[in-house]
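See the structures that follow.
One chain, subunit A, appears in both complexes that follow, with subunit B as partner in the first and subunit C in the second.
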Partner chain A sequence: MRRMPNIDLTELTKKKVRMLTGHVRGVESRGYFHLDDLEGKEDVIFITAPDDLEAITPSFVQGFFAATIRKFGAAGLARHYDFSKLPTVLQQDFQMGIERLKLHVAASKQA
Partner chain B sequence: MKFPFGRIFGRQHGSYWREQKKAVEPGSDRTLAKLYRGKYRRNIADLDSEKRRSIAGHNRRVEAIARSYLKASPRKRTSLDKLANGTKTAILLAKRRDSILLDGFLKNRDRNWRDMATRLRAREHRKLDIRQFSFFENPEGTIRGLRDIAAAEAECLSGRINFLDEDCLDLGPWLVLAVMRRDMVPVFTGGSIGDQLSAVIRALGLSTALRFSLSQTTASQNEIWAFPLRSRRAAGSSTSPTVHLDPQSKEEVADELCAAINRWLGHGSGLVLTKDGHRLVLKIVGETLDNAERFSRPEFPNDGDWSISGYMRRHGDGDTATFTCQLAFLSVGASINSSVQGCDGPTKAKMDEYLAAHSHIFPNQMFADDHLRTIFALQDRVSGDPNAIANGRGGTGFRDIITLFADLAEATSQGSNAKLAIVSGRTCLHVASLYCEVSRPRPDQLFNIWFNRENLKELPPDRGSVVELGEEFRGTLITMLFELDRDYLKNAPDAQH
Partner chain C sequence: MALLDWATQNVETIVVAVLTVVGFILQYKHFEGKISDRDQRDLFMRKVEEPVAQLMRDYSAAVSEVQVWLKRMSPEKAEDIFSRLVQINRAFNLMINTLNQSKFDLGDGWVALETERLEERLEAFDQAPSDSNGRLLIKGIDRFVDDVNLHLGRCRQRFAADT
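Let's look at the complex of A and B:
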């Protein structure tokens, strides 16, 4: 059986920090996990996190997912990524960052 | 990592500070001249003739200064003679160091900075009295005080600074001074300092950064719980190819600050941050420091530096005790006004419209446009990084900072004791809690804060919220003060023991 791709955020925290923040950190992490390739090949990508990860800031999420929203839109992002393995609070953090990206998209369209 | 928890007691009156001793060889003026030659003379062997000429000129200048130390010695005593030989030697051997903050306070500092040999002839001693050192109550006086300190460093042989406030009114300017002192020649030999203020500086570990050797104080009942000074490594100094993939110091610092606040709350009321509160503080600190790293040093994109410190102090005893908390974030480099001018075209057009509509409300201010640009930069979707906006990301950093402050201001006993100042370039913004309330967005709303009661872009900002600074502050300082009330904390709806 084929293994579903999994983005493990432990590779970023290295068990040393309990939050992820930073716009550029988000952009570079996207490259590190080869999200552009994965999004082209895979149907669903799982995101997992270490138990001690407590928060992810909107700037990180924006850096991480801006390109996905641009390519596939919010609905496409929801199809490609499965956050269900994350604790509820981290799902909320991803949701908040994605909401801000959607605000950007809406504001850009208005402009 | 164990949280470095500082707790100390202050005394009532009569504290002083002295310049910390330098570990330089003590010696006579003859030794000093020799040390100076040894430190600055350059070897001209193995160089082509053009370079030799230039270095020979440099060496002649070094020799002249070294001789001037010898010539000066038989004359009347200088104020430096009272110092330990090591300190005197350190002062006289010192040279100008480039400094973003000092260069901002003094125009043409590189040309006007007097070398120590020149100062030895003029022998000027300057005494500075610093009062109301606070960007909340006295932004003009505070920036002038910092400027006077920078000027004395550039011109005098020696000086004293008397800090006349009894207590720390605002942590912000102390953070600025700590960063300035790194690049200052140690011409200031000491001065008086308020007892409670001295206690705060000691608790925060600022005395090392300030190079203050503080006198012993007798104990008072006021207690301080400190989040000691934290600074990121120097801007542009990263050598790691995976600098943004590695765990970040801002992520560690945010966690440490949460631990500090828990201790503060624990001492204030036996409470700790709720899970949500903990996450909120983590995110705010993360976003604030990320903003500083991204925009403070355009020459080192995404690798700027920052400093952060904070503390809580108890006033009074028992059930009537109140707890004053201060937090300050500093990034040195580009001001908000200058970094926002790198925004994309459409944003710039909107910003120019805003400037044209409201610059008339500051008729007597030379930097009205700077103030308005600084306000405009606080809005969502305004970023100095045009790529971020073009790619549909970024431009929301201040939203979180101001929302945090709104939450903290709400937690104060009266709400009126919460203060937030944003100091950058020529502008000092006082963010009243009222503006935070009217600007608080829903999650699906863009954040805008226009510094008027109606929170409308079409209306000008309230004049009282904008203060023009007489000197240029090269960087951004966010400083806040709020008061926690024991009863409020215990009765807070989401209080969690």
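Let's look at the complex of A and C:
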């Protein structure tokens, strides 16, 4: 049986960090997990996190998913990524960051 | 034919019904559909001023906690401060998203209020809860609160000018 691709955020936190923050770190993490390649090959990518991760900030999410939104749009991002294995609060953090990203994209289109 | 007979016999009822409907439409168009200046201000207070002020009070309370922590520096208390600020940040970010989609949006004003710098200081404090990181965190919160108040002032002025 084929294994579903999984982005395990433990690889970033290494059980030492309780918050993922920063646009730059989001962009670097995107490269670390080779999201551009994965998005081209895989239908659905799961995201998981360690129990001690308390927050993922909008700035991190924006760096992590900016390229995805540019390539596939918000609907494409929703199709590609499955956040259901995350605790509810982290699902909300991702959702909040994606909403912020959409607002930034809309604002830059208006400018 | 039967309908015409019924209408002829119930002219008064029909006139009253038509006048009632017209009355409702006129009332809605001239009063209900337009919100008064005072109501606008109340709405602004409720939707923007009060929630922002509450979050600013929460940030100020966190500053006080860090100041107390600087005198004793207990690791458990540092964890509490971190968790509390994470919650306040989350509430603030949620409010930014909501405000940005509301009628009180000022272009990209609210969305430009990034918590990123403050969060980086919070992260540094969490990883190394030292005297210097505690003081940097306090400065970060103070500066952020100033930025928010400045933007809120602009928003208030603009809103007042529109009404």
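As a convention for this text, the second predicted complex is superposed on the first by the 111 of 111 C-alpha atoms of A that agree within 3 Å, B and C clash if a C-alpha of one lies under 4 Å from a C-alpha of the other, contacts with A are read in each partner's own complex, and residues count from 1 in each chain.
Throughout what follows, contacts are C-beta pairs under 8 Å (C-beta built on N, C-alpha and C of every residue); 3 or more make two chains touch, one makes a residue touch a chain.
The structure presented is a predicted model; accordingly, all values stated were derived computationally and were not measured.
Participant: Sticking to the clash and touch definitions up top, decide whether subunit B and subunit C on subunit A clash or fit.
Facilitator: Once both complexes are aligned on subunit A, subunit B and subunit C clash.
Participant: Have a look and say if subunit B or subunit C is in touch with more residues of subunit A.
Facilitator: B
Participant: Output check: A:L53 vs subunit B and subunit C. Expected answer is one of first, second, both, neither. What do you get?
Facilitator: neither
Participant: Check whether A:M19 is in contact with subunit B, with subunit C, with both or with neither, and answer first, second, both or neither.
Facilitator: Touch status of A:M19: both partners.
Participant: Applying the document's definition of touch, where does A:L86 land relative to subunit B and subunit C: first, second, both, or neither?
Facilitator: Neither: A:L86 stays clear of subunit B and subunit C.
Participant: A:I69 contacts which: subunit B (first), subunit C (second), both, neither?
Facilitator: A:I69 sits against subunit B, while subunit C stays out of touch.
Participant: Check whether A:E28 is in contact with subunit B, with subunit C, with both or with neither, and answer first, second, both or neither.
Facilitator: So A:E28 only meets subunit B here.
Participant: In the overlay, answer first, second, both or neither for which of subunit B and subunit C A:I45 touches.
Facilitator: Neither partner.
Participant: Answer with first, second, both or neither: which of subunit B and subunit C does A:V105 touch in the superposed model?
Facilitator: First partner only, subunit B.
Participant: Looking at subunit B, which part out of 235-243, 325-333, 343-351 or 487-495 clashes with subunit C after superposition?
Facilitator: 325-333
Participant: Once the two structures are fitted together, what part of subunit A is touched by subunit B and by subunit C alike?
Facilitator: 16-19, 21-23, 54-55, 57-59, 89, 93, 96, 99-100, 103-104, 107, 111
Participant: For subunit B, which residues are in contact with subunit A within the complex?
Facilitator: The touching residues are 244-248, 250-252, 254-255, 275, 278-279, 282-283, 286-287, 289-290, 293-294, 302, 346, 380-381, 388-389, 391-397, 400, 443-446.
Participant: For subunit A, which residues count as touching subunit C in their complex?
Facilitator: Touching subunit C: residues 16-19, 21-23, 54-55, 57-59, 89, 92-93, 96, 99-100, 103-104, 107, 110-111 of subunit A.
Participant: Along subunit A, where are the residues that touch subunit B in the complex?
Facilitator: 12-14, 16-25, 27-29, 32, 54-55, 57-59, 62-63, 66-67, 69-70, 89, 93, 96, 99-101, 103-105, 107-108, 111
Participant: Mind listing the subunit C positions that touch subunit A in their complex?
Facilitator: Contact set of subunit C toward subunit A: 82-83, 86, 89-90, 93-94, 96-97, 100-101, 107-108, 111, 114-116, 119-120, 122-123, 126-127.
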